[in-house]
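To keep things simple, chains are lettered A, B and C as they appear, and every chain counts its residues starting from 1.
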Amino acid sequence: MRRIAAAMVLAGAVAVAALLAGAARSSSPTKLTIWVGWSAGNELTSFKALAAEYDRAHPDITVNVVGGITDDKIVAAIRSGNAPDIASSFNSYNVGNYCGSGGWIDLAPLMAKDHISASIFPPAPRYYTQYAGKRCALPLLADDYGLYYNKTMFKAAGITHPPRTLDELTAFAKKLTIRNKDGSLKRVGFDPFIGFYENTPERWIVAFGGKWNDAKGHAILAKNAAWTKWANWQKSLIDWYGYKNLVRFQAGLGDEFSASQAFEAGKLAMNFDGEWRVSFIKHEHPTLSYGTAPMAVDAANTNNYGAGYINGTIIGIPRGGHHLAQSWALVKYLTTNSHFLAQFSNDIRNVPTTTASLKSPEIKPDAHFATFLQIFGDPHSTTSPIMASGAAYTNLVQSFFQKWQAGQVGNLPSGLAKLDSQLDAQVAQAKGGGSVP
Amino acid sequence: MLLLMSPWIIGFSVFFGYPLVMSAYLSLNHYDLLSSPRWVGLANYRYMFHDDPQFWTAVKNTVIWMVGIAVPLQVLFAFGVAVMVARVRSGAGVFRTIFYLPALAPPVAATLGFVYIFNPATGPVNNGLAKLGIQGPLWFNDPSWSKPSLILLSLWGIGNTMVIFLAAVLDVPQHLYESAELDGAGPWQRMRWVTLPTISPVILFAVVLGVIQGLQYFTQAFVAAGVANGQATQAADVSSASLGYPLDSTLFYPVLLYQWGFSNFQMGYASALAMLLLAVSFAVTMVIVLNSRRWVHQTVPR
Amino acid sequence: MTEASLPRRRPPAHVRRKRLINAVANHCVLVAVAIAFLAPFAFIALTSLMTNNQALSSHVWPSPFHLHNYIDVWHRAPLLRWSLNTLMYSGLSTLGMLVSSIPVAYALARLKWRGRNFAFMVVLVALMLPPQVTVVPLYVMWSKLHLVGTLWPVILPNWLGDAFSIFLLRQFFLTIPEEYLDAARVDGCGELRILVTVVTRLAKPAIAAVALFSFLYTFNDFFLPLLYVGTNPNNWVLSIGLAQFRSFHQVQWNLTMAATLLVMAPVIVLFFLAQRAFVEGVTLTGVKG
C-alpha cells in the first residue's frame, strides 16, 4: 500500500510536470495571441479578416484573435500571469489601472525608437491612453456618442428637426411616448435612465459642460453646478415616465447588441448611442428611416452643441510577454496604419484615431456616420478622467446616480459632497491605502 | 495511522493553515499582485469600517436577509412540507421526488430560469398576474423585491433539508404518538410535545447549515444580478459593474469580497474583508462544534 | 414509511371522518405545492421551444414548436467543450476525493490514536468555514505557480482530502460492527488490508453517496471555476459558460432556456438512476443522532 501511495504522488507530480511543459512549448512561426472585445455582429469577423491580411504579409508570425474579452478578464489575466501577447479593451476606464500598476508595459521607449510621436493621435484619444504621463496604450478606433432619431415617428408627430436643447428633447420625448391603457409604456420617446443601454453619467455630463476634478485631482461633483443641473433634469424626465414604468419597459426589451435592440425594433423614438449603431442598423435593419445628430445640450451651454463624449478601444502589451518585438510591430500596425484604420472603420463604423487616417481617401462616406466624425473633431468634445482606481471610479459615480434616479438620495447637495469624499478615499486606497488627502 | 492521514495533513496545511496565516498578513498590506506587498498597518480595516460606501450595505444584506430572514423561512417551509408528506398514506415517494428535484438543479441554471420566469415585462409570472388584473412587481429588477425573489429561489431548492426532516419525522417512534393520543393529545399537541422534541437536533443542524450557507451566498446573487441587469442594459462595458444589481440590493458579503479581490485586485483589502468573515463564521462554527455531541453520531466506545 | 407494530383499536366514526377530511386537505395542499415546484421546469422547457420573438411576448405555449433551438444552441456556444471540461473537473475531483478521503475517514473512525478527536474537530471547522476565507492567498499561490486559467486549482485540492466527504464517510464507518474488523485482524491483516478488503466493501452505499455528492458539487460549482478559469474561455465549465451565455453570445431567451435545460438534464437523469443512493446519502448527513 505504501508503494501505491508513493506511486500516486509520483503520478500527480508527472501530471503537473506535463502540464507545465505543455504550457511552455512553442512552435516555429511565433503565435501572437491578441485579445479583443469585439464579438457582436460583423465586428469580430471583420477584425479577424483584417488581422489575417497582416498575418499573410508576415510569415514569421501567426495571429490568434480571441474575441468577447471584457476588462475583468484582462485585469485578471495580467495579475495571474496569463496575459496574451497583446490586449485591447473597449474603453479607457482601466487605463489608470493598467499604466499605474505596470500591468501594461510603457510604450514610450518603443515609440521613440521607431520615431512615432503621440501627436499623430487627436487630443482625446491621446489623453485616454496614458495615466500620469505614462503611455501604456494606444488608441485603436474611437467611439463617440450622439442622438439617433426615428424619422418615420418624427414625421408622424409633426417634428421637423432633431432637438438642439434639452428642453426640446424633453418636449419631443413626451410627445413621442405612447402609453398602454394601464399606464405602462408601449413606446418611449427618449429613455435617459442611467444604466440603460449607453446612458452613463460620464457621457451625459458633456451636455452640461461638467468638470470632474480640481487641479489636485479631488472630485468636485458637488461644487461643479453642472452635475446638479443634469441630475435634476434627468430625474424630472424619469419621474414623468414613472421610475417603475421605465424599469418594466426596459425589462421587456431585446439585448442591446442583437437585432432586437429597442431603437432598431421601433420601441424607442430617440436614443443616445455610439457611432457603431450605424453599422448595426445597416446590417440588421437596412430599411429603417432614421437620422443622427449631436446630443442636445443644456440651454445655458448652447455653444457646446456639436460636442460629445469620446472614448474608444485601446490596445497595449501586457507585461511578461515573450515576443515583444513582434507584438509591438503588430500594435504599431493596428494603431498607426492608415489603410488598416480606414478599412476597419468602414467595416464597423468606428471613428479612425490618427489625424492622417481621419482624412484617408479610403474612408467611405456615409451621411449617418459623418455626424460622428464631426462630433469627434469638435474642440469641446471630452472624455472621462483617468484615475488610479480604474473603472471603479466611474462605477461609483454611476451607482450614485442610479440611487438618485430611483429616489433613494434624499438631499442632492449633501449626497454629492459625500460622493466626492468617497471618490477621493477610493483613489487614495487604490494608490496604496495611505492617508486620505 | 500517519500514512492514512497524510493526504489530509498535507491538504490541510497547504489549503487551509497556510492561507489563514497569509490572509492575516496580507490584510495589513497593500498588495495588487504586481508589485510586492507593502505594509500599511490597519489602513485596510479603517477603509472597511469608515470609508467603503458598500461595506455596511453588504453586511446588512447578508446578516439581515440571508441569515435573519431566509434561514427561518427555509427551515419552517421544509419542515411543513416534510410533515405533510409524512402524513400521506400513498404516493409519498412521488411527492418526495418532486420536492427534491429542484434542489438538484444546478444553481446557475436555476437562477437563469427564475430570472426569466420573473421577468417583469415578459415573464410567465407577471403575465399570469396581469390576466388576473394585478400588476406584478419588478422582482429581480427592483431593489426592494430582488432579495425576496432570491429567497423564493432558495425555497424552491429546499429539497435537501426536506428529505432530512422527512426521514427524522418518520423515525419518531410510533408508540410515542400512540401514548400521547391515549393521554388525549390533539394533533398540535402531538407535534409540540412529541415530534419537535424528538427531532430537535435535526432542526438545529438545519439552522446551522442554513446560517453557514447564508454567509457564503454568492452564485445565485452574482448570476441573478448579471442576468437581470443584462436584460436591457449593456451600458457598463465592465462586467463587474452589474455586481449587486439593482442598486447594491444583491451585494452580499461574498460578492463584495469578490469585487475587491478579483475585479479590483486589491488583495490586501480583500484579505481584510476575509478576516472579518473568518471571525464571524468561526464564531458560528464554534457554537456548532461545541454542541456537536448532540448531533454527531458517536457509537464507538473509546 | 414506518408501520406501527402494535395492534390498533378502530376509532369511532366521527374521528374517522375528521381524519379523512384532514387527509384530503393535506393532499390538496401538497398537490398545489408540487405544481408550484414543477412549474419552473415547465416554463423553462416551453420557452426553450419558442421562437425569439415569442419568448419576449406574453404567450405561454409555443406555436409552432421550435425544436431547432436544440440544434442551434450547439452552434452558438461551445457547449461540447464546456461539457468535456466539466466532465474532467468532476471526474478527476471525485476520483481524487475518494482515494484521499476514505483512508482519512477510516483513521478518524476506527483507529485509536492521540489527538484523534482534535483532528476530527479541525475537519469540522474546515467543513464549516466559507471558501471565501482562504481564497485570496490561494489565488496568489496558484497564480505564482502559473496555474490560474487551468482547472488544476479546483481539481488538485480534492486529491488531498475533502472535509465533507471525510465527515460523511466517518459517520458511516462508525456503524460497521467491530466484529468484522476483529475477524480480519485475527487473520493477520494490517489496517490497510482491512480498509481495502473489508471496509470499502461494507461501506459501498456510503462511498457511492459520497461520490455522487462530490460529482454533483463539482458539476454545480461556480465560485472557484469563476476565479480560476473565468479568464480562459477554453477551460470554461458548463456553469461558467451558462452564466455568461446571454452576454457573451447576444442570444435571446429561447436559446438560453434550451441551454439551461441541457445543463439541468444530466443531473436529473443521474438522480433517477441513483435515487436510492441520493436519499440515503442526504439522510446520512443529518439524521444520525
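As a convention for this text, a contact is a pair of C-beta atoms (placed from the backbone, for glycine too) under 8 Å apart; a residue touches a chain by one contact, two chains touch by 3 or more.
These numbers come from a predicted model, not from an experiment.
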Chain whose average C-alpha position is farthest from chain C's own: A
A-B or B-C - the one linked by more C-beta pairs in contact: B-C
Identifier of the chain whose CA centre is least distant from the whole-structure CA centre: B
Geometric centre distance via CA averages, chain C-chain A, whole Å: 40
Distance from chain C to chain B - Cα centre to Cα centre, in angstrom: 16
Chain centre separation (chain A, chain B; CA means) in Å: 36
Two or more partner chains touched - positions in chain A: 1, 72, 76, 79-80, 252, 255, 257
Per-residue multi-chain contacts in chain B, two or more chains: 3, 33, 122, 230, 234, 239, 262
Per-residue multi-chain contacts in chain C, two or more chains: 56, 139, 143, 159, 192, 246
In the complex with chain C, residue positions of chain A that touch it: 1, 8, 12, 16, 19-20, 23, 39-40, 66, 68, 72-73, 76-77, 79-82, 252, 254-255, 257-258, 260
Residues of chain B that touch chain A when the two form their complex: 3, 6, 30, 32-35, 38, 40, 43-44, 47, 51, 53, 119-122, 135, 138, 141-143, 228-241, 246-248, 262-266, 268-269
In the complex, chain B residues that touch chain C: 1, 3-5, 7-8, 10-12, 14-16, 18-20, 22-23, 26, 33, 81, 84-89, 92, 95-102, 104-110, 112-114, 116-117, 122, 124, 127, 130, 156, 160, 163-164, 167-168, 170-171, 174-175, 178, 187, 201-202, 205-206, 212, 215-216, 218-219, 222-223, 226-227, 230, 234, 239, 254, 257-258, 261-262, 267, 270-271, 274, 277-278, 281-282, 284-285, 288-289, 292, 294-300, 302
Chain C residues within the chain A interface of the complex: 52-53, 56, 99, 139, 142-144, 146-150, 152, 156, 159, 190, 192-193, 196, 230-233, 246, 248-252
Contact set on chain C toward chain B in their complex: 1-2, 4-6, 22-23, 26-27, 29-30, 33-34, 37-38, 40-41, 43-44, 47, 55-58, 60, 100-101, 103-104, 106-107, 109-113, 119, 121-126, 128-141, 143, 157, 159-161, 166, 171, 174-175, 178, 191-192, 195, 216, 219-220, 222-223, 226-227, 238-239, 242-243, 245-247, 253, 256-257, 260-261, 263-264, 267-268, 271, 275, 278-279, 282-283, 285-289
